[in-house]
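Going by the order they are written in, the chains are A, B, C, D and E; count residues from 1 in each one.
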Amino acid sequence: NAPVLRMATTTSTDNTGLLDYLAPLFKAETGIELQWVSVGTGKALELGKNGDVDVLLVHAPAVELQFVEAGHLVNRRQVMYNDFVVIGPASDPAGIKGKTVAEAMKVIAEKKALFVSRADKSGTHTAELGLWEEAQVPVPDKEQWYVQTGQGMLPTINIAGERDGYTLTDRGTFIKYEANHDGNPPLVILVEGDAVLRNQYSVLAVNPANHSHIAYDLALKYIDWMVKPETQKAIGEFKLMNKQLFFPNAGK
Amino acid sequence: MDYILEGFSIAIGLLLSADEETFSAVFTTLRVSTLSIFTSLLIGIPLGFILGYHHFPGRRLARTVVDTLLALPTVVIGLLVYAFISRRGPLGELGLLFSLKGVAIGQVILALPIVIALTASAVEELDERLRQTLLTLGADSKGLALSTLWEARYAVLIAAITGYGRVISEVGISMMIGGNIKWHTRTITTAIALETGKGQFGAGIALGLVLLALAFIVNVGVSFLRRRATA
Amino acid sequence: MTALMELHGVVRRYGDRVALKVDHLSLEEGRIVGLVGPNGSGKTTLLRLLAFLDRPDEGTILFRGEEAQGRREALRREVTLLLQEPFLLKRSVFENVAYGLKLRGEKEHLKSRVDEALRSVGLDPARFARRLWFQLSGGEAQRVALASRLVLRPRLLLLDEPTASVDLHSASLIHEAVLRARRDWGTTLLLVSHDLAWLYDVAEEVVALYGGRVSERGPENLVAGPWIQSKEGVLKRRLDDGQILVASGSADAKALAALDPSSVVVSLDRPQGTSARNLLKGTVSQMTYENASGRVLVKVLVGGLALTARLTDHSVRELGLHPGLEVFLLIKASAFRWL
Amino acid sequence: MTALMELHGVVRRYGDRVALKVDHLSLEEGRIVGLVGPNGSGKTTLLRLLAFLDRPDEGTILFRGEEAQGRREALRREVTLLLQEPFLLKRSVFENVAYGLKLRGEKEHLKSRVDEALRSVGLDPARFARRLWFQLSGGEAQRVALASRLVLRPRLLLLDEPTASVDLHSASLIHEAVLRARRDWGTTLLLVSHDLAWLYDVAEEVVALYGGRVSERGPENLVAGPWIQSKEGVLKRRLDDGQILVASGSADAKALAALDPSSVVVSLDRPQGTSARNLLKGTVSQMTYENASGRVLVKVLVGGLALTARLTDHSVRELGLHPGLEVFLLIKASAFRWL
Amino acid sequence: MDYILEGFSIAIGLLLSADEETFSAVFTTLRVSTLSIFTSLLIGIPLGFILGYHHFPGRRLARTVVDTLLALPTVVIGLLVYAFISRRGPLGELGLLFSLKGVAIGQVILALPIVIALTASAVEELDERLRQTLLTLGADSKGLALSTLWEARYAVLIAAITGYGRVISEVGISMMIGGNIKWHTRTITTAIALETGKGQFGAGIALGLVLLALAFIVNVGVSFLRRRATA
């Protein structure tokens, strides 16, 4: 019976298949079985705080730091990033293609073009709120053109697709979405590459001082494994539709 | 444990402060569940009567199929309805996706097997002498159906209550078809799912309590009706 | 007289068992016919066919000379049946009686017609109309069920044991109601009852069923086994008090023998030198007037067996018969018929 | 003889209506008691109390001299009741009859005891034991229900209309079964029946209930209104054939009058100069031997009303009474009692 | 529409190739739903009997509460159970989180109101003469309960089937308490949710069909039993 390490993670790492790719490698090297639950970022952090898992893989740096500060989590290490992109219908009714993110957001608000928001306090949603601030547009809570789904990334993209709306997504999920549409999706990338669009993933261990039962040693082994060069290389090599999804940046 | 206590205090807070978001969800829930359950009863009770009353070839198979459909998960219903009403689907033109009507279609599919199976069983349990009495008094097929259902009224009511509980508590269809769009298609259950996903467990429980309060009020009404029908 | 209903070659089975087999039976319009027979002889089965509740497995049923098949729903409005086990709808007494009228859309004078029907079975509308179905005694429920049929003024009224748990006073009211239905609406009646005294009083004609077959001989005495085959080639049945009944013919031990009441002779003294093989001592327990024949049915208890003899009032008077009297019964061994 | 059960000041209400009010009633051990009374008089209500199915609203019930309250569950194993409407469990006939024995853990000779019980009500186990509850005729079901009580050999057996839809032959078998239960197991019996001929034959004593009260006078004739108050200060009831019944006392139009059969005088010719106010012409319809008194009950139909007279066999013989004979009834106006 | 056709072909593929992941989910689903439904019946049928049979003070309220609990959403049950069995909860030591036992606890809470309400209604619908008959034959309270339930067996069976359909199709509890851990607590429904979340609608429908096939087999078995009990 292999020792079991429990991890809470966000849906993006699971839905893209990254974990299915890494877990067997980890088991082969360390003999540790990784079991993960993929949930919203907020819920993942809450599970960590309660000591229901041993380790976290999430992407909401600001909130992560709050949890570290409060003493719930320790040993935060950056692992990799991907980036956010603004997507929308190929016809691009608001004409945002090629603009900076801040300008694009402003134009969307001015033209009251349909924008679909996750509105679920996820990493992506937090990033979107940051973009509105950057564009100096108040969060358009009750506007007709602002659709708040409160759902995961893929369902939110689907809603945008059905409604011909714009939305913000992480690149990984978008590639998955492209794949689902056999590479010919109704929505396309319109804005990308801005520095503010970086989406940072980190691993964190649950603080053993609060929870004596957790497998802290296994969590440390996992964190070490994730940041070591061979693993980092493997992450970089993980591809979907021949596209790289995550960019390793441990120690940077 | 803390979440539960927290849930209670949040729930009271939401109700006392007449929180706008909460009330929007409550109202949406009531609208769609009422539409769904009445449609289900309208279709399901006659079908349940036929299934429980008539001895037609293939009846046993039909019952087994209905019983099987009791196990239809809401996500699957959501997917099936989505396949029809999405823009790429055959009914895409009707614009039912992300609308309460669309949700109601899915919820009717959800409640129908319950209403049909329980109505059929209620009708089946009736005394054989009832049929004979109605026929000897000259009932035609319509009179027979109506009077039989009236005799089985308490059991049919339980079918309705069970169906209603199922509809009001479901989340998969509302999420998939309604889209959980704030101020539009967000129901209490999709709001609970959202809060839970955010890790706001207390708020999730609070909304759960609001939903139960709603169901309680409906059931007190039903129980009152039922009492009047007995006395 | 024309036949209201006729049965031809009708067979009704439950599984493999034949419960009813009627080659021919016709119900004359406007008659009051009694139907008797032991338990399980097929009376209820027959009534269900006549009321179009069940279909025969074989044979045809004619209503006023025309094949009934195909217009059963319409004919059900002309024929009504009081079920053997009364059953009330879960409504008030008033609603139970009014139900059939409302179905027919006859809403005029509804209240007065319901009240009249209740009164005709001895129930005071003021006391009973508003009661609920479960707030009645057995006999009251039975009478409500009857009232809900009487109110319909049917062409044919089939009553399956209308007096089963009804008191004497109500039984005579039902008697009157039956006569009134025939007189006022020309209703044809078929009555099943084990209360022979009541039935013989009401019916103009009595048909008997044995083992699902109509007997042309009318009601008969039935003697169940065990029969013992004796050396003399006859069958013997030992009675509780030691007397022995002798019947000729051949049958197995469990067979049922029928005996026409007209072939039972009653005598006050033990007769000397008679050709009858059976000479049984018993006590008269009941004497009933038979309306259909104008004769008297004398029930005599013989060692635990009740045997009925049909006598003229002349011979009853001559013999000075009365209940409680000891008498002798003379029966020929050949008078028994095997069923 | 000791009392098996005693009722003191027992009252049972349904809502506000008092359905039963018994100041004192005792059932002697080993007796066969008949219980009669019109529909709704409280017979079933009384049996339910005696069977510990219901509790009285007031008063106490003693079983063998001890308060029954508190050990009702245990006592239910000593007393059993055949319900007025037979009800079978959804099982085979065998399982229905065996049910009570299995409950009591009496699994020895189960099959032979069940078979014996079925036979005692005239059902052949080979033909009936394996049938299901719905595969029976009305009378067969009734007898299965009875067999499932007989098999228990209870201390007290309460039968609510055991012969209601049962044929004559089976009625006499039930008669025998009742006597055998008393003889073999010392069972005390209380029998309700509207079949007075049968009941009088079996019962050693008959108690009557009217409007929920026990009448010490035994069964009586009942005459329902409408009564008309006449100038002479008496009440008159018009009969269907125009004859008029006169009763003294005061009562309202809907009142029920009771008349003791012993106070009805039968005469062949129209008597001259009698003190009786009522002189009614009627026809004898039935004569029944009353076991309890050794007398004969003569039922006479008078203008749609059935009145019973209780006569000695001597006078019956003297008058040469027989069913079908025209007679005159003499009844004093003061003989009526208002209920 | 395409999704549905795709779903059928994937479903057949999964079953024919005896796909390991699918079979693990099927097996997990069967294990946990069987455990849940039997526990629910064991607790729920006696409670339903009491509620339907005995006239105790507060009975009407109890019925209304049970009817209300029919509207308990699975997410809320998940949260409530989580509050107890999370490490910080009072039962944290038992390690029930992310285990099938934990899921079964939640599913029992889900099925209980259904089993109780429908059993109570089945018992209530029975002929009053049944009670009297059983008592006159000398039944004690145990015999009375057992025989009454036996007489109402078809209606109680429907309660069981409805409860089973609810349990096997639920996803909220399995997700929240089980955690949808591959090879461990992944059931068919959580797998459907996962596939749907990934946008693999065809695969979601395929798994839904697998679930229905499972439910169909169970119901054919039940219908066979039922037929045997009638004949």
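In this text, a contact is a pair of C-beta atoms (placed from the backbone, for glycine too) under 8 Å apart; a residue touches a chain by one contact, two chains touch by 3 or more.
Worth saying up front: this structure is predicted, and the values here are computed from it rather than measured.
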- Task: Give the fewest steps needed to get from chain A to chain C, where each step moves from one chain to a chain it touches.
- Result: 2
- Separation of mean Cα positions, chain D and chain C [Å, integer]: 22
- Taking each chain's centre as the mean position of its Cα atoms, how many Å separate chain B from chain D? 54
- Item | For chain D paired with chain E, centre-to-centre distance based on mean C-alpha positions, whole Å | 53
- What residues in chain A touch two or more of the other chains? 152, 155
- Item | Two or more partner chains touched - positions in chain C | 85
- Task: Hunt down the residues of chain E that sit against at least two other chains at once, touch-wise.
- Result: 88, 127
- Query: If you go through all the chains, which pairs of them touch?
  - Reply: A-B, A-E, B-C, B-E, C-D, D-E
- Note on the structure: Listed in rising order, chain D residues that touch chain E in their complex are 48, 51-53, 73, 76-77, 80-83, 85, 87-90, 99-100, 103-104, 145, 148-149, 152
- Residue ranges of chain A touching chain E (in the complex, touch as defined): 6, 11, 14-15, 20, 35-38, 50-52, 152, 154-155, 157-158, 176-177, 180, 211, 213
- Query: For chain D, which residues are in contact with chain C within the complex?
  - Reply: 14, 37-40, 43-44, 84-85, 122, 124, 135-140, 143, 160-161, 163-172, 175-176, 194-197, 201, 222, 224, 240, 254, 283-289, 294-297, 301, 304-306, 313, 316-317, 320-325
- Note on the structure: In their shared complex, chain B is touched by residues of chain A numbered 39-47, 119-122, 141-142, 147-152, 155, 159, 162-163
- Interface with chain C, chain B side, in the complex: residues 127, 129-130, 132-133, 135-141, 143, 147, 150-151
